[in-house]
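Next come two complexes built around subunit A: one with subunit B, the other with subunit C.
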Partner chain A sequence: MITFENVSKRYLTKRALSDVNVTIPEGKLIGLVGSNGSGKSTFMKMIAGLVGPTEGNVTIDEVPVTRRTADKVAYLSELDEYYSFYSVKETISFFASQFADFNTEKAFEILDFMEVDREQKVKHLSKGNRGRVKIALTLARDVPIILMDEPLSGLDPMVRDSIVKGLLSFIDLEKQTVIITTHEVAEIEPLLEMVIAIRNGKVLALEDVETIRERDGMRIVDWLKKQYQAEA
Partner chain B sequence: MGEEFNPSKPIYLQLVDRISWEIIKGERKAGEKLPSVREMAIQSGVNPNTVSRTYNELERMEIVETKRGQGTFVTEEKERLSELREELKLNHIQNFIEEMKQMGFSSEDMIDGIRTYVTNEKENNA
Partner chain C sequence: MMNWSGLFRKEFRVTRTFLFAVIAFDIVMMIGIFVASERWEVPYLTAIVGGVLAFMHMFFLPIYLLISLNSEGRKLHLWLHNPQSGSRLIGAKVLNGLLALLISLVVVSVLSLIAFNLETADIVLPIDNVWLLGAYVLAVILAGALTMGIWVTFYWTAYQVLKTYIGRWALLVVLVLIGLISWFGGWFSGTRAGEALMDWGYVQFPSPLSMEVTQEAFEISTSTVPFPIGNVIFDTILLVVIFFVTSWLLDRKVEV
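Then we have the complex of A and B:
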């Protein structure tokens, strides 16, 4: 369980999050949705312990998030952060040396599933295959919390499809909670069990996706618009 | 990716409808094993917890049975399957009548319309 309690974050004069209170349950695949600059990445980094709150507390299973809770969280960032002169195989070994919970066998299984050549140098991979390698590196860690910041962004439909299938094949919702931010929410809507709407650093709502359909008769995109209008 | 779902109905119920439909059409046979929750999730691009909910609902409807440690199977109760067929028929008729009423057709108009259509179809196929 991840809890945000009165959490605010300022970068100098800019407010990234303001007075966020939310409890995220375990064992769910959750979408974090909102427009650019709404605070999605800050929210994710805070769970990963990469950014600390200016005010308030973020806890995982009631333990305050620090660099030490990072061993519970696998975080896929928007950016590419590996050594491009490594081959895929070397990258896997490097990650295995950095994280005690890294499951090398699983990493190769995921790469095979997504048909990535492990002998290639990372810098020679297509953008789609780099996206796949990032997914493999994230999902190969045996951790209770997986965070993915824009894992589908800028990838073509074939690659996105293979990433979604890889995700469904290799996560274990009995033991793991997965949070994904995306601009293409319509595309992964059937994948999500819950959704968090965020705007201008404020969490507007946390809702069950099936409830939104049943009660409001809406897709997430329309529900999000409604949340935004109610706030404006 | 995945399949299209109607936005105004829970996905788990749409999967229930889809699987029921496949059983009635004979694409899934009595006693046949359904894919595991994970396989079904991957095939349909749907959250695994949603698929579990679908299987629970189908079990509650007595259309499938879960055998401990073996998986989920289409029921072998022929009677239940013919009931299901009747239920689906009734559903379709209800929807049809509802829409025809909204367009202002009377019951007689509908019955006449169907009779004419069916007769024409027979002649065309003859």
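Then we have the complex of A and C:
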């Protein structure tokens, strides 16, 4: 269980997160949605232990998060950065050497599903294929928490659709909590079980997608707009 | 063990181009000087240049680490999203740098010895003293390289920490910090406390510092010099402390 307790984060003069109090349950596929600069990436990096709170506490199963929480969290960054000297296969091998929970067989299975040539140098891949490698590296880890910051960015709509459909088969929701940020909310909406709305560093709501559909009769995008209007 | 070897191999790949470039420079420089010394009829020139090149290896490790760290700085999330401790992440770089330094140093030393033998076939080297000189030079180079390397890593990490809070002013603050720490080190070593911590445990140390080179002979005479062990112990402890402070900053304070 991930817990944010009175968490704020300031950068110079900018406030990235503001008094966040939220508890994220286990075993759910959760969408983190909000406009650009709303604090989504900072929120994700805090769970990964790559950013520390200025105030408050972030814990996983009541243990404070640090950089070394990487043994419990798989993190896919929004950045298109990689070790350019490695081939895809070597990148997989490097990750397998660093993470005890890394499932090499599963990584190759995902790469094959996404039709990525494992012999190619990562720097010679298209942006879309590099995005697929990042997804394979993240989903191949057998960890309780998977964070995916804009995993569909740079992928064309046809590929996005196939990856979204494939995502579920590579995640074990009995054991894993998955948090995804994306601007293509509509495309991942069928997968999501919960959604967190964030704006200007404030978490506006954490809601069951089923409840949003049944109680409010809304899609996530409309629900988000409603949250934003209520906040304004 | 697997994670350490994976990290170590990755570090080699990160800076492989730099190592190959330095080795290529070593070889081109030594061959160039050898050809020039034949034309100008200046014996020992290649060996002397080889000695200068060897001493310049003192700067190899700090430059190597700076290149490696800056390469990681462009993709910090990739480097830091790793369950291994900061000391392991940095240690892999330092050890890799030392190994690369030794490889390059061996190339320069071997080329120097070959050139010396080709240039002065009739002079026999005082081999025992050459080994002593080699060990002495190696110790000085490694100590200098490690000291500068560890401090460079500390200042780079401090820059990464400060960058989060003060943005582009971080570089200026780090430059001021370098000046302040250097000044403090110089001032402290002259104080009574500094002398008590460093200026003790003198032993007579064999030194091959007296060297005479003529057209006919190459002589290295050895003597003994008083050497304060306390200084070495103090510097070693200081470097270990700086290394672990850097690792702690990397684990706890550097943000992506």
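One rule holds in what follows: the second predicted complex is superposed on the first by the 232 of 232 C-alpha atoms of A that agree within 3 Å, B and C clash if a C-alpha of one lies under 4 Å from a C-alpha of the other, contacts with A are read in each partner's own complex, and residues count from 1 in each chain.
Heads up, the rule we're going with is that a contact is a pair of C-beta atoms (placed from the backbone, for glycine too) under 8 Å apart; a residue touches a chain by one contact, two chains touch by 3 or more.
Given the structure is predicted, the values throughout are model-derived calculations rather than measurements.
Undergrad: Classify the contacts of A:Lys165 with the two partner chains as first (subunit B alone), second (subunit C alone), both, or neither.
TA: First partner only.
Undergrad: After superposition on the shared chain, which partner residues are touched by A:Lys123: those of subunit B (first), subunit C (second), both, or neither?
TA: neither
Undergrad: Per the contact definition in the header, classify A:Lys225: touching subunit B only (first), subunit C only (second), both, or neither.
TA: A:Lys225 sits against neither subunit B nor subunit C.
Undergrad: Counting only touches as set out at the top, which of subunit B and subunit C does A:Tyr83 meet: first, second, both, neither?
TA: second
Undergrad: Between subunit B (first) and subunit C (second), which does A:Tyr75 come into contact with in this model arrangement: first, second, both, or neither?
TA: second
Undergrad: Scan A:Leu50 for contacts with subunit B and subunit C and give back first, second, both or neither.
TA: Second partner only.
Undergrad: Under the stated touch criterion, which partner chain does A:Lys175 make contact with: subunit B (first), subunit C (second), both, or neither?
TA: Neither: A:Lys175 stays clear of subunit B and subunit C.
Undergrad: Touching A:Phe94 in the superposition: subunit B (first), subunit C (second), both, neither?
TA: Only subunit C is touched by A:Phe94; subunit B is not.
Undergrad: Given the complex with subunit C, which residues does subunit A contribute to the contact?
TA: 11-12, 45, 48, 50-52, 66-68, 70-71, 75, 77, 79, 81-83, 85-86, 93-94, 96-100
Undergrad: Considering the complex alone, what residue numbers of subunit A touch subunit B?
TA: Listed in rising order, the residues of subunit A that touch subunit B are 27-29, 157, 160-161, 164-165, 168-169, 173, 187, 189-193, 209-210, 213-214, 217-219, 222.
Undergrad: Spell out the residues on subunit C that touch subunit A in their complex, using ranges where they run on.
TA: Subunit C reaches subunit A through residues 2-3, 5-7, 9-10, 13-14, 16, 74-78, 80-86, 164-167, 250-253, 255-256.
Undergrad: Which bits of subunit B are touching subunit A when the two form their complex?
TA: By the definition above, subunit B touches subunit A via 1-3, 5, 7-12, 38, 41-42, 44-50, 53.
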